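The chains carry the letters A, B, C, D, E and F, assigned in the order they are written, with residues numbered from 1 in each.
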Amino acid sequence: MQIIPFLRKTGEAPFTDRGIKKAGQLLKQWNGEKVRGVAIAGAPLSKTSISHSGAHLSPQTIRSMMQSFSTYSIEHEKDMWDTVITDFGDIEMHVTDLFESQSRIHSVLKEIQEEHREAVVITLGGDHSVSAGAIQAFQETRGRVGIIQFDAHFDLRNTEDGGPSNGTPFRQLIEKGIITGDQLIQLGIRDFANGKLYHEYAKDHGVTVYTMGDIKRESLLVLLKKSVEQLKQTTDNIYISLDMDVLDQAYAPGCPAIGPGGLDSESLIEGIQWLGQNESVKGMDIVEIDPTLDFRNMTSRLAAYVIMQFTLNYTNRKHSV
Amino acid sequence: MQIIPFLRKTGEAPFTDRGIKKAGQLLKQWNGEKVRGVAIAGAPLSKTSISHSGAHLSPQTIRSMMQSFSTYSIEHEKDMWDTVITDFGDIEMHVTDLFESQSRIHSVLKEIQEEHREAVVITLGGDHSVSAGAIQAFQETRGRVGIIQFDAHFDLRNTEDGGPSNGTPFRQLIEKGIITGDQLIQLGIRDFANGKLYHEYAKDHGVTVYTMGDIKRESLLVLLKKSVEQLKQTTDNIYISLDMDVLDQAYAPGCPAIGPGGLDSESLIEGIQWLGQNESVKGMDIVEIDPTLDFRNMTSRLAAYVIMQFTLNYTNRKHSV
Amino acid sequence: MQIIPFLRKTGEAPFTDRGIKKAGQLLKQWNGEKVRGVAIAGAPLSKTSISHSGAHLSPQTIRSMMQSFSTYSIEHEKDMWDTVITDFGDIEMHVTDLFESQSRIHSVLKEIQEEHREAVVITLGGDHSVSAGAIQAFQETRGRVGIIQFDAHFDLRNTEDGGPSNGTPFRQLIEKGIITGDQLIQLGIRDFANGKLYHEYAKDHGVTVYTMGDIKRESLLVLLKKSVEQLKQTTDNIYISLDMDVLDQAYAPGCPAIGPGGLDSESLIEGIQWLGQNESVKGMDIVEIDPTLDFRNMTSRLAAYVIMQFTLNYTNRKHSV
Amino acid sequence: MQIIPFLRKTGEAPFTDRGIKKAGQLLKQWNGEKVRGVAIAGAPLSKTSISHSGAHLSPQTIRSMMQSFSTYSIEHEKDMWDTVITDFGDIEMHVTDLFESQSRIHSVLKEIQEEHREAVVITLGGDHSVSAGAIQAFQETRGRVGIIQFDAHFDLRNTEDGGPSNGTPFRQLIEKGIITGDQLIQLGIRDFANGKLYHEYAKDHGVTVYTMGDIKRESLLVLLKKSVEQLKQTTDNIYISLDMDVLDQAYAPGCPAIGPGGLDSESLIEGIQWLGQNESVKGMDIVEIDPTLDFRNMTSRLAAYVIMQFTLNYTNRKHSV
Amino acid sequence: MQIIPFLRKTGEAPFTDRGIKKAGQLLKQWNGEKVRGVAIAGAPLSKTSISHSGAHLSPQTIRSMMQSFSTYSIEHEKDMWDTVITDFGDIEMHVTDLFESQSRIHSVLKEIQEEHREAVVITLGGDHSVSAGAIQAFQETRGRVGIIQFDAHFDLRNTEDGGPSNGTPFRQLIEKGIITGDQLIQLGIRDFANGKLYHEYAKDHGVTVYTMGDIKRESLLVLLKKSVEQLKQTTDNIYISLDMDVLDQAYAPGCPAIGPGGLDSESLIEGIQWLGQNESVKGMDIVEIDPTLDFRNMTSRLAAYVIMQFTLNYTNRKHSV
Amino acid sequence: MQIIPFLRKTGEAPFTDRGIKKAGQLLKQWNGEKVRGVAIAGAPLSKTSISHSGAHLSPQTIRSMMQSFSTYSIEHEKDMWDTVITDFGDIEMHVTDLFESQSRIHSVLKEIQEEHREAVVITLGGDHSVSAGAIQAFQETRGRVGIIQFDAHFDLRNTEDGGPSNGTPFRQLIEKGIITGDQLIQLGIRDFANGKLYHEYAKDHGVTVYTMGDIKRESLLVLLKKSVEQLKQTTDNIYISLDMDVLDQAYAPGCPAIGPGGLDSESLIEGIQWLGQNESVKGMDIVEIDPTLDFRNMTSRLAAYVIMQFTLNYTNRKHSV
């Protein structure tokens, strides 16, 4: 093949600096081989949202925001260039049959985690409804799950009024007997963002709830340590479900359900760093970012940073690969 | 009840001029009584769209754009103040079961048109998928339907790949045996906006297709007259399905599928005026406006103007009420 | 009246969850009866602003943002569903006679508070000019007022250069002899946001001024406690005038006069919670939000949250109703 | 004074091409001397608008859009470099006393036109309310005025409901006896944009009204010729009042009252060119552009082009200076 | 390799309809083999623009807009599925050395056209400065060039004031002796968009200039026929240089230099269709689209449509491949 | 010259309050005389940016944001009305020759600082590439420079890949032997924002690097004190290079390279206040603000506030003028 100098393929970066590697390049499209370490999979479903949501666009946006970071952590003086983050691609959603779409999320994530037992899959929503299938698949392949849910909301709504939506994933898991309430710890629950009935449901089912008031009084890190200790008593592995709307509207302007009174991004990052190091954390999802509402992709940018910080700390674990 | 001067109820117009009546005030919420004349009903469904769409927001936006027009037509020197446009409200959509939503569109519109035989219902989408149920309901209550579809696209896609979406309404009607192709005339079909397979489908099923080239050669008005003549041979009543993307992107910037090479708004209005006068036209829908993409609600504003021009000309029909 | 299943009235919520009540539903349009507890009234005046302002749109925007919150405070484990927030509607503004508009604000708010002595009215601006009439009406009906003004600015400008504008409300009150300077405490006054002449005016008239520097050194809560103690010496009741631009631009992007160096929203909310509980606080206004400049209604959303937190804490007062 | 190469004063154009002169440079700040030829004066008043309007920002925006044009007309092969367009600056508006502002518009424009009898002043609104004072000043200094109003609306509303607003300028002129209806010709009046009562008022007072239907049937140019002929019978000079909302929303996206069914920009320019040549045209205003609503200043850009085309054709008049 | 149902690779279309082929799929990345027929190459240079321009982003945007069209022309009843549009990718620009970037555009396009003599390369700018190198390369490989330039501007500015910018490409070609003025025909030149000096330069050098006035009087198609006839006398092949700002601002809102008084898109498309069929047309560029300024990529969408219409008509030429 | 009441010159403030002086008025265009104290000069260069940047627009935007502040510091109870901030204007950039532009920045700033030895010049970028010339000029006129660089990035990239860009200014200074690494202290360097190779370069050359982690552990103020102490050992004067992207994306939404994990604006301001008082600080630049990306000019507004706080504290220095 003839080569023409200065002609580059469509889609290649317009400029390359020999001294900077882009985090986006750590993403390697899955090639069918056995996967170890951190991986991502897109679950681009947001037609299941109660309000209009473009959250299905966020897997692609988060990937492109990875490209705005480099591979080098100066705080750890570590270049992650040799780390592979496997990209399993996106789960294909049905145009009109949303239950089929939800079923595909479950079955694909189950198949992935069955085949790739050393992989820590980060599922990129989509809205929070994707967590129901994702967590079920996690437990079916990884043993009894302990869930740390960052969220302003319980997501324990009844499923009769609107079916399995982004307001119901944890209710679905409990109702179907996939988890019991003690497997679930919710952090960041906020005033005037939830119904009393669902708080009662949480209490009745033994769900642990830490409010923003709790976080302000005790600090996120202290509560995370408590949570992991508690979950390790009764579960095999910990799964993080990160609804970005746990953050204050000033830090996550691109979530459909923005509001005041939430977490700051510095605390969240600190929390993720700690969880990344923790041996028991084996699964994660990042949900509820609508790129059509965001400002300059700030919220997807933060999600990409979360992935990098998690992966960095994960690779520092004693037995990590 | 005590009255305080200069205190007005929440939601009332901040300023009222005694000499101007707003078109929005012609909309009267249905009170359960028998309805005659032009009526509207919202079908706020757009989760059925192949691409991300906020078209479910357009019934409400079109209603509020009615408020930007007055009731007086200077061209006819006629004040429509005494005309009532009954507002049946919106059909409640299911959050996650889209087939249930489509079924509700059909059943509600059928019930409305059964009970209100003198009403000409304009269904406000939503995306074009709402037309399948709307047209079925029209035919079941009004006799054999002749359809004049304004559209850049056939909307004759197969339903296997994505189910009953905004690309399939007319295919669904044909496949289910509700209509035969000769009941359907498509106007404004555009280059590079459709698949050859579906053109063949149209031809195989006897659908009449007028392209933008045909419109430029013969004029919209001439083709509309031809179309109505042709449909009147074999059908009882005519139904207009107005996909706003028949317009060029310069005139309808708020359609999901905008593009160049389309109709100008002046021609469309002229066509609607003529159809409004025509005795045989008894139903209509206006679809595919996404207010989240529009510029200053231009496209919803045009839709509201279409409703007013249609209603004006309808009330001028010989036997109109 | 005939009922059609799945047909809902125009304007009704598209989806209702049995377990979530929306804060917006606490707002009940005033029906002429005696009102107790928290109430709101819109004063949609912003033509009086020195710079172009759409703040007259914020009463309606704040109301709709109420709808984005629920009625349940998890921090207090209290559902406010039984609490009524009476909505007196909006005061009708004159199109061109701004002095007439200001006069109506005074007279309507006076009449409301005269008739409804147990009501705590929150006036929703509009710009800060509405506070002059609102505070005068408060004092005329509730006794000698003590004012806690959250603001980056003194609002003590002379009234000769531009008449009674959003830069002058507290000057007007002093000049007209309605209040003396000792009735006024200003919190959050900022560097490079005010004129020296007006600081001198404040000092000459005995106005207490706490700058952002004071707040950073002593904390908002400490200063609020001091302020309430001080005002209680000489006044009957406390009125809060909340100019949202007291907040840093990162937290209140929708104020006309945004800038750096301001308060964070967490501190403000904490302050409002404390004031809500305080027996002496009997009136409030929230001003200077321009929804046309805001990002995703963040600032109006925060204002709605302020109303909810105030009302929650108000209803927890010993003698509250 | 020491000169540093490559250092240019703040505000100077960042790049200058020796072969291109910018139309903006034809604007010379008035220096107190006698003015001949075309001049502009800003009347930045829009608090008088019935709806929220930022039209007071348009004089400054139109001036800056002048800078996006050159001085050379290729169609006439004429460089206007030697033409001066005197810029009288802006009339200072009162912050809160709108009647005072209106009075200043009248008095300043009167004083200008009294002193500068050879000047053709183009008043840049602001909203249409500025035309009342502008036209009064024109007649008081130039003799009996004939008005050609381009507008979608009559602007003949009663002044009792909201005072002298942007809906009332021509009513005010008639009511005050400054003009009689036969002095006024309205072009471009549109369906559903006006009240019947005001059409009757127009007819009762002998105002000539040409609708968009008339323009489509007869062409703008034909109607302009008719109009000028008619006005010349009974008036001394012609004044053009150009409300940019006479244009279709596709061509003037920045008018507060945009809508479909209006004029295209090509026809307007052709009309202005013809009027520019006409000896009897001696005054003009351009109103109702809100730069905060526009897209890329398209509407102000068109206004600047109107000024250039008018000035070009004016300087080609037989007796022009 | 293991296959997981419903898992698709990152970047693949989220939905595929068996009956619709996307025009974007006609683009095949060049594989080193000999190319025939229409091809594209990106020249993402816009730092050479006199004003701030993001036109370097348009090759990528135009490619993605190709994906919004299908491959089927209903007007010709022809599916272009078998047509390949070779995508040579983008020419790599230097970050800071703009002359190096311009040199690369010339050398890469020369090498491409030397090796692929049956290819008709459409160069996607970038700003208009890319045409200088592109046209030189065209002539060096294809014989004496005749240029049809669609543009509001001459682009004949002197190169001393700012170097070889987007205002100078045709001047550069003439000054360097690469072309003589008679090889250049300019269409769409507009009032107040150019300097007199450069009109004189055009005339002095025998450049043919058709203004917008000429187009309105004679029609674009008539002038194109005349132009091709004239150029064929003295040149070997025709090259189209399409500056999208030849269009009126209503049709091309995304050009840096938008303005009123330009061409409508329907006329442009008609012209491109005719040129596509013409045997002598062998090269083209499309320039001056800034996607950061556009509305919903309307202008890039139109450019993609131009590519499709050109390719369609090209493949219908007698001797085309 | 005749004076007309209420007529003000184009460009003058529409409203003046006798008690408020605008900070923008402290800016006095340089008149050729000897300058003392704080001065500004614009270096509107951003074509040198690796990514698309409109940072060349920020000198003008920062100037206009000065107008949104007053001259009075309430924290110091000091009116700066008598302080002059000399505005040297903008350095004229070449349209296409970026190296020439960089050379002009150096030579103009050198000439300014040579002639005005008592002036503290704040250079307003532009992108960070302007600092190379600015710092060289500073050292050539003021003696051995110590640099405090606020930045998320090293800006120590190699200059071979893209030439002297906004990623290379400090590398250029070192490579050219203008500074040695010990003259440079970098504050705010962030995870995943830099290449390992360049960290090694920093270490190899003795550059002091404080990361965001360091700042969180030790506080900005502590590190600044350390830094100034350290630099004073070996250098004559300190120069602050303030890349606004050192701030978190929530506080500086208008930087091209926004991201999470950065500094908050309160800390930055506190740091600037301290530096302003410090005798050794004699030069500064503020770079990397792109007004086309910002939200409501928040980032430029903060830059203007930085200028005011620096100037305030500068004028409080013992020997300041």
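Heads up, the rule we're going with is that contacts are C-beta pairs under 8 Å (C-beta built on N, C-alpha and C of every residue); 3 or more make two chains touch, one makes a residue touch a chain.
Heads up on the chains, UniProt names are A, B, C, D, E, F = Formimidoylglutamase.
All of these numbers come straight from a predicted model, not from anything done at the bench.
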Exercise. Would you say D-F or A-B is joined by more C-beta pairs in contact?
Worked result: D-F
Problem set entry | Intercentroid distance (Cα basis), chain F paired with chain E, Å | 41
Seminar exercise, completed: Listed in rising order, chain A residues that touch 2 or more other chains are 15, 50, 56, 95, 161-162, 250, 295
Problem set entry | Full enumeration of touching chain pairs | A-B, A-C, A-E, A-F, B-C, B-D, B-E, C-D, C-F, D-E, D-F, E-F
For this session: Flag every residue of chain D that touches chain C in the complex, lowest number first.
Result: 47-48, 50, 52, 54, 56-57, 94-99, 161-165, 292
Problem set entry | Parts of chain F lying in touch with chain C, wherever the complex brings them together | 15-21, 23, 68-77, 79, 81, 250-251, 265-266, 269, 295-296, 298, 301-302, 305, 308-309, 312
For this session: Report the residues of chain D in contact with chain F in the complex, numbered from low to high.
Result: 1-12, 14-15, 27, 29, 31-33, 41-42, 44, 56, 60, 63, 87-93, 95, 104, 107-108, 111-112, 115
Exercise. What does chain C use to touch chain F in their complex?
Worked result: 50, 157-158, 161-162, 167, 189-199, 201, 209, 211-213, 216, 248-250, 253, 257-261, 293, 295
